[in-house]
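The first chain written gets the first letter, and so on, giving A, B and C; residue counts start at 1 in each chain.
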Amino acid sequence: MKVEEKEHIMTEPKTIPEINKKALIEARNVNVFYGHFQALKDINISMNKNSVTAFIGPSGCGKSTFLRCFNRMNDYIDGYSIKGEIVIDQKKINWKNVVIEELRKEVGMVFQKPNPFPKTIFENVAYGLKIQGIKDKSFIEERVIKSIKDVALWDEVKDDLKKSALALSGGQQQRLCIARTLAVEPKIVLMDEPTSALDPISTASIEELMFELKQKYTIVIVTHNMQQAARISDKTAFFYMGEIIEYDDTKIIFTNPKQEKTQNYITGRFG
Amino acid sequence: MRTRTQEKIIETLLKLAASITILTTIGIIGVLLYETIAFFKEVSIVDFLTDTEWTPLFAQKHFGILPLVSGTVLTTLIAIAVALPIGLTIAVYLNMYAPKAFRKTFKPMLEVLAAVPTVVYGFFALTVVTPFLQSIYPDLSGFNSLSAGIVMGIMIIPFVSSLSEDALYAIPKTLKEASFGMGATRFQTSFKVMVPAASSGIIVSVILAISRAIGETMIVAIAAGQQPRLTFDPTVPIETITAYIVQVSMGDVPHGSLEYRTIFAAGITLFIFTFLLNTVSFWIKKKYQEKYD
Amino acid sequence: MTNSQKNKLIDNAFKIFGVACTLFGLIILAILIYDILKTGLTRIDWDFITNLPSRRAQKAGIYTALMGTVWILFLTAIIAFPIGVGAGIYLEEYGKKSKWANFLEINIANLAGVPSIIYGLLGLEIFVRAFNLGGSLLAGSLTLSLLILPIVIVSTREALKAVPSSIKDASVALGASKWQTIWNQTLPASVGGVLTGVILAISRAIGETAPLIVVGALAYVPFAPSSPMDEFTVMPIQIFNWVSRPQHEFAVNSAAAIIILLLITFMMNGVAVYYRNKWQKKIKW
């Protein structure tokens, strides 16, 4: 792929100095540019294993951009460049020799709008496994069923696994997309406003799901819904104009933020 | 890594497939130039461009391309005279007047006209249109550019109508509404606002149609005759560049002979015409895209 | 008459003129088809389809021409499909921003405007002579393949473009490589559009006469071809041959052959439209 040859990705791994041993994801001095426009400025953050971290902040502040750095989905964007280091599971992921396909097996992503493949429900969930070259039918089937059960969709679709995924409701589709992500057993699940296109009931069921998922996965979620961030996350980062203004326990961010900007944002005084 | 090499191989194969189009262009230009240069070693380029007779197959040989060019231009002019007013009227009508359902059914139906093999049109021109025209104008010769040109014009109507309609369709609705708001009729809005606004798209469609008519072969080979002559009289037999190439190809001209090379000299003339037209339309299209992007 | 009355009159007059122009083309098409049916329909029988060519109009059949057309159809499809679709994939999915791809794109737009007879001259020098294939089916189909390549490429790109990027994102986010994504997601989702384009292009190839005449397809071939290296004729050339003769019986023959040629052409167009509709219905994003 061309992407790996871009200059912005460092050519050799430097020794990693102080690794926060507990952190699964770490960003150090990350600066991101779209052409001349700087979308992220000096981002430093670390996220622990089996935690839920929420990114909040006004539109255009760089939440999605940052999230997409973790699975390198930004690589496809013209003019994109990144400086600094992103370390996942002790490995720098933004240097040349990283195999993107391997990285993405570890770091799954759920998108804002449900985007099931125009295939059957079963094939949707099995896709990630088949891509890895797994041929064992019973293994695939087991994993598919387990993943669908994990997202609490099983009762609704167990008789329709051969039906097109496009026939599901929006909420069901989004849960299917989560199941599809879980089926390859990533360590990290990135979610970019996963409930913004859904009705309140579907949203509630996905939030509930996230509590369960925390046991096994590390979750990073972008949301515009303050209540949602407060309900589901352990830690919250408040982004503003490409910078992290404040990053702390969710409880503190929502009850006693240290920064005035954070205070203003969560109380809805600007947005 | 295995998959990475695999990916690379696939990309290379796809790139090769795409590059065949470059080879095609190089091939076309190379072949035409190669044979034409050999041709001009025996025939003076001045004669080729100025002689008013084209008789390479006769004992008394003349190699003036003008009669073939005039035949091509004449049939093309007739075709455009038919296709432009009709095609443009259809485009305006479909865009500004016709109910949605009418537009949806008739636009694709008209496009069937372009899907009919041209040899069929040739048959139609020779056996239906020419006799019909002769019933009006008895002096009309059995082979003539009028009939061939008219039928060719009918064939290229959809090029003008569909592409012009697309161009009209792309005009922002607000423009139309602004004109209606000032009390203009649909006719006034069409020709004072819409057509000028869509002019570059319409011009591109007409150029495409012209280029199509210049390169059209079977209709003229069947219905316009095989007599190269420098004339703009639409009632007499003529010969176009394309028809000449077909005429020679049907016969037994030995490879490498001067007669054989004439079809390449004729071909390069045709190629230059269409290439210029394509380039102009490409250029207009690009300018026009910039304007609306 | 006031000004506004005059304007209204013009408006209505143009409306009528517009309907007339739209119908004009279709009426001509109807006359054409009617005339051909009237002249040729009674001539069509089983013998006409299975008979070899003959100097006597009544005995002559289209068998060799029909077989030639069928051969050309398959060979052209086999050659143009992988190359055209592959090139379309390259331009749409791989080389999008590169200078080379941009150059290829301009080149393809230009090729689409080159008259078909010029492709005949190319085929004559390269395939017939340089490759020494003679006036064979293979030389003919290679020539036609180059001719329809731009159409196949452009329609493939259109079809690929219609696949929403969210699907591709989902696939790569699961760890699929670029080609895995194209093969498993993009192509299956666009297959209807791709096939439509290919079928339309091939139906165009079947109607082509001039380039095949130039590469040396013969007007008279005594036997149906049995291998890609055989000499051949095709339906349009057979029609051209018959049209060129003065006797009325041959005009009847050509009308009858035209009916069959049109049937094949319209059928392929019908199949293409059917595929497109089915594909559009199946995949609603």
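Following the convention adopted for this analysis, a contact is a pair of C-beta atoms (placed from the backbone, for glycine too) under 8 Å apart; a residue touches a chain by one contact, two chains touch by 3 or more.
Computed from a predicted model, the values in this text were never measured in an experiment.
> So which chain ends up closest to the centre of the protein, judged by Cα positions averaged per chain?
Chain nearest the centroid of all protein C-alpha atoms: C.
> So, comparing C-alpha centroids, which chain is the farthest one from chain A?
B
> Report which of B-C and A-C is connected by more C-beta pairs in contact.
By number of C-beta pairs in contact, B-C is the larger.
> Please tell me the distance, in whole Å, between the geometric centres of chain A and chain B computed from their C-alpha atoms.
55
> In whole angstrom, how far does the Cα centroid of chain B sit from the Cα centroid of chain C?
17
> Cα centroid separation between chain A and chain C, in whole Å?
48
> Counting only residues that touch at least two other chains, what does the list for chain A look like?
1, 101
> Listing for chain C: what residues touch at least two other chains?
177-178
> Name the residues of chain B that each touch 2 or more other chains.
Residues 3, 7.
> Spell out the part of chain B that touches chain C in their complex, as residue ranges.
Residues in contact with chain C: 3, 6-7, 10-11, 13-15, 17-22, 24-25, 27-28, 31-32, 34-35, 85-86, 89-90, 92-94, 97-98, 106, 109-110, 112-113, 115-124, 126-128, 154, 157-158, 185-188, 190, 208, 211, 214-218, 221-222, 242, 245-246, 249-250, 255, 263-264, 267, 270-271, 274-275, 277-279, 281-282.
> For a test of understanding, state which residues of chain A touch chain C in their complex under the given definition.
Result: residues 1, 71, 73, 78, 101-105, 108-109, 111, 113, 115-119, 127-128, 130-132, 166, 177, 180-181, 184 of chain A touch chain C.
> Could you pull out which chain C residues touch chain A in their complex?
That would be residues 97, 164, 166-167, 169-178, 180, 184-185, 188-189, 282-284 of chain C.
> Within the complex, which stretch of chain C touches chain B?
7-8, 10-11, 14-15, 17-19, 21-22, 24-26, 28-29, 31-32, 35-36, 39, 82-84, 86-87, 89-91, 94-95, 101, 103-104, 106-111, 113-122, 124-126, 129, 146, 149-150, 153, 177-179, 203-204, 206-210, 213-214, 216, 219, 236, 239-240, 243-244, 251, 254-255, 258, 261-262, 265-266, 269
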